[in-house]
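Here's a structure for you.
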């Protein structure tokens, strides 16, 4: 019996990567995390120095060749950071995709960049990977934050709150209030039955707060690297342990949620194979309208990165 | 700084008690579990012998005096086992209650006996403890089993299934189908939208199976000691860590769910203070009818144990 | 990516098996535990009913065919229980070994029976498995208990106590005092430097207590099923996670510790491949003498089970 | 029953503090970590945003008043960073100590600064706290790294390696080879018995590597913030859970290890009360000489920070 750790290749030399590595180390998952980097990563040496205290995870660094047998790639490089326009950003993504795909990689790709649904779409197109193997972080963190805040408001454990942020992050985030429940009871009923105590006026700031976060929360030194890392660790664990959990992440849908074909954040069952199933959701008219805005915005950004492509008509 | 472990006193010299102690030991909660027993418990010596491997929990035994400063009492003695009738059973309960109440106990009482809602009612009456401090295991395990089975059926993690068994255990268990959701979508919608794939015909056996379990699953050498222990450990942890989780356990309700005043298994928020809040639940007509049967049955059993009591008419 | 749980086949329909399954379930190792049993095991149904609370481990039952791809077999059937003599006991072992070896099993075999070193020897002989793949529980639990008690006596965490029970269990257990340390300092020094506070007189009862335990602590309803289960779970985890930990377990030695060729409990490095290395130990004269008694006793029992075998003279 | 989380106040607005907070959050200890800061800490907002995934730890920030009821203070501010000389550094420490002591703080103080034994001494002097309540991180991380590396070299789990770095960090670190064991056997014996395989030549680089680390590894953006955070989390846990573990940390000794009265890193039993006991260690002549250098260096630095103090003659 030989014990081989599954390898997770992390692309992107920024604080998300190192926060992810540190959080994974702390979580003690029995897996190898390999930072793909041209030069030695200083923080790797730092973490390795304390490996005695959290020894289970293997922490390595290496070139793109390490992607070959990786179970997962975490793409955390922000392609918008150094790009002048969307077209340039998509070119950057394409170069990364080419480098890992030529190794023969056939695993799951998690996308943790700004506009992660858009980048996920490009990755699908450039890589030829099956759509269920590409998962954008999307609104996973937004949903988690919403549930925490609702838990605080309704004084119940956040795990008992079922409310989703869908669409996309920031200003394109749509709270699916009509499908929000606490313990089998719609949040709408809580508010209607006890208007003195509960009101939408008090809930709206939670969402507003999320929508008004700085425009590009990802990347070195910017907001939310640690929280993104925590979400990524949870997503990683759910895939590694084949949990079959429902998460709102950016997944590829066809003729659903007003999207002909593309990535959007909606509830989906995530397991070892990637996206196992999209969870249908009956939305209110107003929610559908908000979602249409998100869909439009995502589609425009995707196209802006693929301007002269005729191929987009068939097959994406 | 001194470190004092909270004490949990376990009453009832049977397999539930020892399975609970063993499961608690394995769970490594930082707490003292004290088996209240007249003589040395052999299995305690056994577990203590292996304490090196799971050292965090303190495992002790002692007399009723140990209840004095206990954070929790777990009452797992089956009063029906040696009783010829309900009246005798309630007398047995009264004797136990008297012994622990005279120590000055003011903690939370978890009831893990057959007909736990009935026994919980007697305990409330005999002890004078505030009703929110008494929690019957009720349908907690039934709900967990239902969610596991529905998770298997709908191919999703059981943690994403929100379906409750309410009322009471066994034949008085009521599945609240009208309030059952998976990922923000009613189970009824799953079945209506895809009748070829999903149907109630396939769900009913899950409930039938529970309702037809041997009549008294608790106590030495009988069914479900291990699973009851697992549920008790989870309930213990939720209280110790002040989780505020919604559980279907036997709680005291007044003028709700068709019950004037008494214990019934319904969703409630459980935290360090005991029962923090009952979660309102809008049931279908058919579910209300089934629940009425459960309520009636519980009330009858409660009264049968208190035949000459006039006091029951006002307030209990 | 498919997720296949490693399978652990448990042979022996007794309380060790079920306690092991329950402890493994509580420990949440991501593995399948399969009880090899002719008929449905009642306690399996019990545990499965509470699987919602501890879902990670797969719990199954099946016939000997399930041993084929098993990573480990845990042999917990007490062959002495129904045997009139050692010869019969070894025949019972042989029948079990034949049934699992004909499936093509090539994993690791853990032996958790009375006289586990003796039974391990028989298994090696009957199975033809490489000696490093057979590990008897031996004095693993005794060492753990000794370390716990010394920790209590010297007021230090048991993990900082390095003291071994070697040889075999019960009356053949040898405390290797000359090699016992606490935090880099010999226990002998503690006693010599501070004889008013520490003395061997106070340590001896710990060992005596172990040596005088009922002669056959294993099997249904007898002592130490839970603690044996805890030790087995730890041993299982160390192998599954390739920990490379030093444990005193029954391992095959050649020309060491006064044993020409046979199983004896001594410190060994245990990892995914089984026994990786025996740890050399310089014993005092008195310890060597005690150990010689244990070796003799084990050798006699092994031979008594293989009376007409000439082959035993050379090499086994 | 009310649940009050113990509070840990963290002083020092640098990467050690935030890495510690993040590692504590990941470790899910049931405790409040309060960063003492004049202005809002950006990374706190970041971590709080992902609290859904790791909810157990409370994460707050506040002024020095929060130290009042704190169980522990972690002093991570590097006083040498902005100081021109040692005297100035000690003044900075004094100002911090005054601010937390005037709240009435009576807990345990962990010191995680460069020259932590020196700073610990100043804190003892300025605060008047009992010496057993002040623990410098000292060589805790160095010992952990040494054990990891020796584990790799001897191919055994690092938890089975008992080897200490004592004295102080960096060039004043002394490996106590004469007291180093693996599984009850001295490392010296391994080398003597099998010189072809093992040699000191191969072990020395491990120590050299540690001694040649950049001179001031602590503070914002410098080396080893993550590994220091991991060591601090472990130290915190050991105190919170009253583990009684032997660690090499900077503790106050009197007339031991060549130190008349002062802090030095040696093995000590650490528990809820702080330093429970120094573990005696018989060192070789050469080790004693090396240690004398470390002692001298620490004493000089301590005195350099207290030049005009006459009080140092009696009582420190």
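Here the chain labels run A, B, C and D in written order, and each chain numbers its own residues starting at 1.
Assume a contact is a pair of C-beta atoms (placed from the backbone, for glycine too) under 8 Å apart; a residue touches a chain by one contact, two chains touch by 3 or more.
Remember, it's a predicted structure, so these values are computed and weren't measured experimentally.
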Interface numbering overlap (same over half, different under half) for subunit B and subunit D: same
Rigid-body rotation angle, subunit B and subunit A, from Cα fit (steps of 5°): 180
For subunit C paired with subunit D, centre-to-centre distance based on mean C-alpha positions, whole Å: 39
For subunit A paired with subunit C, centre-to-centre distance based on mean C-alpha positions, whole Å: 46
Residue list for subunit B, restricted to those that touch at least two other chains: none
List of subunit B residues in touch with subunit A within their complex: 151, 155-157, 159-160, 162-164, 176, 179-185, 189, 193, 243-246, 267, 269, 276-277, 279-282
Complex contacts: residues of subunit B adjacent to subunit D: 1-3, 30, 56, 71, 107-108, 239, 241-242, 272-273
Interface residues, subunit D side, partner subunit A - complex: 19, 22-23, 26-27, 42-43, 45-55, 141, 144-145, 147-148, 158, 223-231, 233-234
